[in-house]
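Each of the next two complexes has chain A plus one more chain, namely chain B in the first and chain C in the second.
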Partner chain A sequence: MTLVRLGAIAITIFLAAPLLVVVPMSFSTAPSLQFPPPGLWVGFYAKFFADPNWTGPLVNSIIIGIATAVLTMAVAVPASFALVRHRFPGRSAFNLLLMTPLIVPHIVMALGYYVYFGELRLLQSYLGVVLAHTCFSIPVAMLIITAALKGFDLSLERAAMSLGARPLTVFRLVTMPILAPAFVIAGLFAFVHSFDETVVSLFISGRDVATLPRQMFNSFRMEADPVISVASSLLFAAALAGVLVPAAVRSVRRTLDRRNSPLAS
Partner chain B sequence: MPARSLSLRNLVKHYGALQRAVDDVSLDVAPGEFITFLGPSGSGKTTTLMMIAGFQEPSGGSINVDGRAIGHVPPYERNIGVVFQNYALFPHMSVANNVAFPLKMRGEAKKERQVKSLEALARVGLGGFGDRYPGELSGGQQQRVALARALVFQPDLILLDEPLGALDKNLREHMQIELKRIHREVGVTMIYVTHDQTEAMTMSDRIAVFNSGKIEQVGTPLEVYFRPRTRFAASFVGDSNLIDAEFAKDDRTVRVPGFGEFTVNPGHSKRGDRVNLLIRPEMIRLRPGKSQNPSTNACDVTVESIVNYGDNLLVIGRAGERSLRIRVPSLDGKSLREGMPCVAEWDQDSIHVMAER
Partner chain C sequence: MTMSRKPRIKTGPILLGLPAGLFLLAFFLVPLGYVTVLSFSDPSWGIANYRELFNSRLFLMTLGNTFWMAAVVTGLSLLLAYPLAYVAATSKGTLGKTILMIVALSFWTSYLVRTYAWMVILGVQGPIPALVALFGHSPPPRLLFTSFAATLGMTHGLIPFMTMALFAVMKRIDPKLMDAAGSLGARPWRVFWHIYLPLSAPGIINGITLVFITCLGFYVMPVLLGSPREQTIAGLIGDRMEQILDFGGAAAMSLVLLAASLGLFSVYSRYFGMDRLWGGRI
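Take a look at the complex of A and B:
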């Protein structure tokens, strides 16, 4: 038993090790990538935020991430409702088509986009990167939303209707709030995935719309600038927010509902 | 609360061309009545309820509340309260907001909503629970909230779809009594769907027995129990002995293959009619021994098995090819043993004759 537990702890540490190295390194005083850090300092953060070679890609990544999340949700929400709630011819083929980006290797897709977007003059444009990222995010968002929809009790909508709510009101006051956590999680996944995506960005983003991972890759190839560890820590923070935000949203909503209670005076 | 009447006329619902979920159902429900739709799953009782609620469009026929046709009115304009088996409480709203929801939909002022929802919660015995969330309540409490939410807006009817199905036995009995109390106090017309015949017997003013999309019988619990109109109604409500027989010489004597002849009360049958006889197990008396002078309303049986229910025994008595189910009070049946020869007797009044279907 203890042996199993020790093994589990060892594996966890081994898996988490890159984080344990990268985050402390971003606070290091050493002039090059070096572990353990000889001293702690926030100088690399100052450097990161002062250098347009870093802030540019950061802003690009944020813009592309938000646009990807919005576009993904605009497609994935209606598509999920259609897949779960309606039977139509070609339904399973449609489902399979949406899932293909999960199966096809990214490098293959990247090459495809490079050639195809070249024809469409979408290379080195925000739109191109956003479209490609959306394509990757849709399957994951759909998996999350369809799972939530399948678990959604239809009698809740019927109950609301019998109590006098019109269809749009039912969606606004019952369906949407209950599914909102799944929507938020799906949107965050899309954002984080886009924020994180490297292969396609390397192929198609170019200099002007370079994303943060692309800039990290370039920087690492040229000089191994320790500012890279700052960028890494930021990527990690974005992913962490993806995990923590849904819990925070839930507690805020309860507070709002309590304030709205007919018992509160 | 105002009590409304409900009238169903030739209601039909079919899926595709062949499958008739509800097949020509007509029924009149009096204002303030508690009526139960009783039947096995797939008998059309829930589909009928869903059409009354407006969640399903009838394929034919009409639904009237107090003479007003509502068959094509959308559910949100019907003013009908529905209680679902799985409660269907809004998980993201507090109990008070759940109950106030229909009032909010009707644009009532906050003050009104507060007074009425508190009153409704008190009515179902949950005063002081308004700030809780549905997830924090037990199944029985959640069902009370659902009931309060269905009562609070003074609906014309309340429909209950197997509302106690998810509760355990003790709680279910308790809720049956509560539900009847609330029905008495409020006086609203209630339509209750269940497949549990005990529930139907104990709670209803009248029972409508559903089978394969049709109503087989509508009557008070006692009528359905003692004078079922069909073999199905007899077998679905209560424990029963169903015996096919034929009228032998006059309108009082039936011949039962394997049992001999029984005497029944004279009715509309004539010689040669084939019928079903119903004898409820608790109406048969059992005494050890053999019959002295063969009488027509008794027969010799051998005790095949005895099942002890505590307050009573179920005895399976065998007479040749046939067997009889007999209920005996535990005290009277102490001396019975398996394999014992006995006489089973009953009164002529205890035999109910049904035309064969």
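Take a look at the complex of A and C:
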């Protein structure tokens, strides 16, 4: 048993350790991939935020991510209701269609979009990238929303209706507030999925609407720009915040609950 | 309510599902159709692209290499993720929570960032070659841009994925079953072998299916960390598109890759039902 625990600790270190080199590298004075860094400064950060080749893609990725999240939610929420609350002919085929974007390799879709969007004149456009990213985000959002919908107590809606509320009022005042957290999480997943997507962006976003992953990928290939360490650190910091902040909020809330509960005294 | 009762066609679910269905039809299935048609039509109609592929040593070697690498990465990540998920699912203390936190952190960190980390660690001026040199191996062996680097990076990248698939099943295993077996005199390894392992099998199957399919189509890490001489199919497709502009050839390769991914997926759904693959949530 202790051997298993020791093994698990070692594997956890293997998982975490590589990530720890990222942030120190961004403060390095060396223009090469020298680790540990010979000296520390913030020059690469100044370069990152002064260079439109980096800030442009950062802004593009944020715009595309938000648009993808909005579009994804607009189609995934109704589809989730259809899947969870209704039985209809073709339901399992519909379910399959919604999930296959998770299985089809992105490089295959990159080729498809390259040719198809070429004909539709959507290459190197925001719209093209958003449409592609939405396809990949739909199944991710669906998994979260359908899970929440399954746990939803239908008697709450029935109670509201029996008190005379119209369907839209029921949705606005009962269904929506209960499902709101799941919607937020699903939207967030859609955003992150789009923000991290590399392969399709690489082939269809072009120079005009280059995303941050595209810029990073190309800069890895050139092996030239040390500013990549800043981009990596910012993304890592975002992931760290995404994991630590909810955990911190949960533990603070637990402490407060304990303090406020009548049993605590 | 003055509506006359007709035999009802359910319009509700159709209206709700229509936007998503039409969207995926127009922007997912149609581009896939383009790839399919392209593989038979570019530069001329027929199966020439496929004939060329299966006569090409490079393609067959790449195909073999891709499957081999996917198998190695899947095996390694199962081996490493299993104890991780086991401890996270069975221990209630800080260790379990720490493991889940690190797994989540790694999961949320972009593949590009993790690729960058491995480029630093395995690079000529990085700590691992320095360590190897310390033990008298000079000049230090070239680690970056080899299949080893790609395998290591992908394994590290997919352990969180595998851990989550295992954990989802393991946390539902009732610990009383193991206690019962133990109290009846079974030794720990027998308890594990006859009770825990079979009960966690659905998680193993989900994990290896997801990780293997992901590996088959993985582009970023094999291209950036791997050897240009031992590519994977995804890398080869990218090359065809970018460098030789051979879209027909790229499309034929894409269809082979697609057939492999969808084939594995359909075998899984045939035996276990597709909805369970992602934790049985739909």
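Following the convention adopted for this analysis, the second predicted complex is superposed on the first by the 225 of 265 C-alpha atoms of A that agree within 3 Å, B and C clash if a C-alpha of one lies under 4 Å from a C-alpha of the other, contacts with A are read in each partner's own complex, and residues count from 1 in each chain.
We adopt the following convention: contacts are C-beta pairs under 8 Å (C-beta built on N, C-alpha and C of every residue); 3 or more make two chains touch, one makes a residue touch a chain.
Note that the structure is predicted; figures quoted are calculated from it, not measured.
J.: Looking at the overlay, does A:Thr134 come into contact with chain B only (first), chain C only (second), both, or neither?
T.: The second partner, chain C, only.
J.: Tell me the contact category for A:Met25 with respect to chain B and chain C: first, second, both or neither.
T.: second
J.: Check the contacts made with chain A and report whether chain B or chain C touches more of its residues.
T.: The partner making contact with more of chain A's residues is C.
J.: Tell me which partner A:Ala159 touches in the superposition: chain B (first), chain C (second), both or neither.
T.: Touch partner of A:Ala159: chain B, not chain C.
J.: I'd like to know which partner A:Ile9 touches here: chain B for first, chain C for second, both or neither.
T.: A:Ile9 sits against chain C, while chain B stays out of touch.
J.: Hey, what residues of chain A end up touching chain B and chain C alike?
T.: none
J.: How about chain B: which of its residues touch chain A in the complex?
T.: 53-55, 74-82, 84, 86, 88-94, 96-97, 100-102, 105-106, 110, 113-114, 117-118, 130-131, 133, 146, 149-150, 153
J.: State the interface residues of chain C toward chain A in the complex, per the touch definition above.
T.: It is residues 10, 12-17, 19-21, 23-25, 27-32, 34-35, 38, 80-81, 83-84, 86-88, 91, 95, 98-99, 101-106, 108-121, 123-127, 156, 159-160, 188, 213, 216-220, 224, 234, 237-238, 241-242, 247, 250-251, 254, 257-258, 261-262, 265, 274-275, 278-279, 281-282 of chain C that touch chain A.
J.: Contact residues on chain A for chain C in the complex?
T.: Touching chain C from chain A are residues 1, 4-5, 7-9, 11-12, 14-16, 18-19, 21-22, 25, 32-36, 74-76, 78-79, 81-86, 88, 91, 94-117, 131-132, 134-135, 138, 142-143, 146-147, 150, 192, 196, 198-199, 203, 213, 216-217, 220-221, 228-229, 232, 235-236, 239-240, 242-243, 247.
J.: Of all residues in chain A, which touch chain B in the complex?
T.: Touch list, chain A to chain B: 153, 155-156, 158-166, 169, 173-174, 177-178, 253-254, 257-258, 260-263, 265.
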